[in-house]
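Order of writing sets the chain letters: A, B, C and D. Residues in each chain are counted from 1.
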Amino acid sequence: MAADKIENPDQLVVSDDPNHPANLIPSLCAKFWTLGWVTGTGGGCSIRDDDLVYLAPSGVQKELMKPADIYVLSLAAQEPTFKQRTYIRSPPIYKPSQCTPLFLAAFTRRGAGCCIHTHSQWAVLVTLLLESQGPGNDRVFEINNIEQIKGFGKGMNKTGNLGYHDTLRIPVIENTPHEEDLTEFLEEAMEKYPDTYAVLVRRHGVYVWGDNVHKAKTQCESLDYLFQLAVEMKKLGIPWISNVTPVGPQR
Amino acid sequence: MAADKIENPDQLVVSDDPNHPANLIPSLCAKFWTLGWVTGTGGGCSIRDDDLVYLAPSGVQKELMKPADIYVLSLAAQEPTFKQRTYIRSPPIYKPSQCTPLFLAAFTRRGAGCCIHTHSQWAVLVTLLLESQGPGNDRVFEINNIEQIKGFGKGMNKTGNLGYHDTLRIPVIENTPHEEDLTEFLEEAMEKYPDTYAVLVRRHGVYVWGDNVHKAKTQCESLDYLFQLAVEMKKLGIPWISNVTPVGPQR
Amino acid sequence: MAADKIENPDQLVVSDDPNHPANLIPSLCAKFWTLGWVTGTGGGCSIRDDDLVYLAPSGVQKELMKPADIYVLSLAAQEPTFKQRTYIRSPPIYKPSQCTPLFLAAFTRRGAGCCIHTHSQWAVLVTLLLESQGPGNDRVFEINNIEQIKGFGKGMNKTGNLGYHDTLRIPVIENTPHEEDLTEFLEEAMEKYPDTYAVLVRRHGVYVWGDNVHKAKTQCESLDYLFQLAVEMKKLGIPWISNVTPVGPQR
Amino acid sequence: MAADKIENPDQLVVSDDPNHPANLIPSLCAKFWTLGWVTGTGGGCSIRDDDLVYLAPSGVQKELMKPADIYVLSLAAQEPTFKQRTYIRSPPIYKPSQCTPLFLAAFTRRGAGCCIHTHSQWAVLVTLLLESQGPGNDRVFEINNIEQIKGFGKGMNKTGNLGYHDTLRIPVIENTPHEEDLTEFLEEAMEKYPDTYAVLVRRHGVYVWGDNVHKAKTQCESLDYLFQLAVEMKKLGIPWISNVTPVGPQR
């Protein structure tokens, strides 16, 4: 639907289809709340349907969100740096999320269809563990030889998923006092790691995206699994990178 | 509603509105039970609607509470120290909660609209970790440079929330054999830390309040998140206070 | 209802009342399953209504149990050692639980109205931590100065609950290959600790009882809370017994 | 039902019975998702009804699966090595699971009625802890003297379950880049450990089976309980194998 053809913006968030973005964002966020990803109004989720972007508002309890709370904007109608945003639909009682320009970066630079931001403690702890290794070793999380790594695509415009022996690399950017100021650092990390589907934010959480909701959500789950595993490995003295001799036919 | 105009106190806890205090306290407490905050009848929650205060009774299973179980009192009708309380509505099969004077302190001294008391193990462990540092270093929990700190208001009558680089300080009071005897220590801590929205109780739990239910609940979630993170940081040898170089535009 | 007046035993497990024992055992066990207390058909729950005792069968998935699965027996009709039991109602497709004589011990020796048996990992870990302290120090779990201790009654025929400064003592018995062989050791522990409402079983779990369902369930929750806290305290180097200076008015 | 008599394969996955395999696989997988066993589309579950095998497809969100998503094949119609599989019913929008030949190995070599594959972090951590003990000590997980061990059968065609003092042994195989290449290693482990109901896969997870759904599911739960306990024991310095003096009558 072209943005300039929309007569009643409120109709954009009314649908009987549970997979409509305005229904899916609340149901996903309720699920994320039970996982501890969006505690205390933190974190969020945005879905893109062609040119239309659906966004959760700022400061809502994520497990209580309703379709009527959702913001909608046209991607084409935004200026390139996303510093100012215009909305097709703005619920009057809310403020737009500061995460918005970061979600938009995933949509425009990676063609993502969904982007999830969590405050998962496992993500935060991984960034703290990297930080404690000192400068120079704290800018990328690396893990290999864990089956769950196969839950990630090889990268934008590439076919297939990472293999068991591949090293998954997730860049870490430093946190800024204002969340929207993360945007340029997120974009830099995207450029430096063209195949990544996620960026960790130091002492803050993680942004994960995917071509569609299914891929963003399952990649986010797989990554949280790996972060939790990595923290437990550290407690047990097991390194994240290992040199495992390949077994079975190599194809 | 003025307290002296109430003809049938039982009507105070009957409403079709899920956000009415008599409905909200049971649904919140059921949620808190799943979070491990109100295990074994511990902990509780109180909501203030203007002069009327709604309270859970003592010794009920918090995930099974019903609107009919709720006590109601008039704030204006209480004597200043809250040592004796009079109730507009008292369910005959229960006893009033010993937490009552502590909830009232949050309502009168801070104008809070809701106060939550949890027995969260993370809160207890934080007070134990502080205690193990020895006298002099055990009276306040401090953490900085964690994004979730932004979940807290700057303080009563102040605008806006804490920033990422700000240090969140939560005072710790010693536990007393009788819960209501905590009241004067809680009030002392409120005076010494005029901007705090929470007070930890050694080997016991935490009291968290806010201007309304939304703020009390999300601040309580954010704080529990920080307590859990702090315990995990301690296990991994990461200090709670750090000196992080600011990144991004400073405004 | 006298056991010899029962014409149709199947009617004993049919009721519209959610608090009827035949309905309550399945709903409690489903809740316990989510807490990890009755994993893999382990653990169980029994409720006594005057002379009638309701029991879950052996080897059922606890979160899937139905009222029709429940065994019923008359306490008065059993011989004193419980080595052989006779049932008023026996679901033909099941076997009676090996926990039965242990539940009966709580009903006859303590007048309990409900007894819960969990395989909680926190209970097992506490017995392992005690065992690792060597013989002589491994027969009783002791903790004091934690608020949740107030969740326990002072003992059978005593009024009121333990205080914050009191030491909670839970005896530990050694595990036997056949669960019903635990009975005499459980009874010995009950005699040696006449005020206890629970007995730990080494490398196995815990039995907790109370005058009624409410008390058994909330004491079991409080105890599991304390076991989990105790394990975390051990990881953080904090002792279970402390010498805290009393604060507040002593009454 | 003989496979060559099936006129409409889609009818194989339509039933009002919640215990029909096409209904049970989705409801079990939804439960497993809450346990963290099938995060990010990982893991899976297969049920055999005589000659018919029901399988979850590859790459679906396990908590969202529907009966219509289920694959069906005839065991008798497969060639012996399972390298190529033919399906009676293949949902056109999915791909068959790479786990299929491993599930089939449990069905043909052990006569299992259900096989569950989890990516449980506790399973992965146990294989990592074994690996860190160095070559020669990393090929089998062993634990004894824990009550939950009684949740396992003694072995195929044997009567009864393991005892408390018995040592449970779960072999560990090395992971391969392609999941179906695990099949021959799984079969080798089955031959070397003829009584095992489970095989761990290094840095990957575990396969658990049973004569029927009840046994596979409760053995999988018991095993996950033991893996989690084992990781916690390691953190607390408690060995997995102990020499406990038997107590009670020996029968």
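Observations on the structure shown:
We take it that a residue touches a chain if its C-beta (ideal position, glycine included) is under 8 Å from a C-beta of that chain, and two chains touch if they have at least 3 such contacts.
The structure displayed is predicted, hence computed values, not measured ones.
Subunit B and subunit C carry the same sequence, and matching their CA atoms takes a turn of 90 degrees, rounded to a multiple of 5.
Each chain gets one centre point, the mean of its Cα atoms, and the points for subunit A and subunit D are 32 Å apart. Subunit B and subunit D have Cα centroids separated by 45 Å.
Within subunit C, contacts with two or more other chains are made by residues 235. Contacts between chains close into a ring here, every chain touching precisely two others. A list of each chain pair in contact follows: A-B, A-D, B-C, C-D. Chain contact summary for the complex, subunit B toward subunit A: residues 145-148, 151, 163-165, 214, 217-219, 221-222, 224-225, 228-229, 232-233, 235-238, 244, 246-251. Of all residues in subunit A, those touching subunit B in their complex are 36, 39-42, 61, 119, 121, 124-125, 128-129, 132, 174-178, 181-182, 185, 201, 203-205, 231, 234-235.
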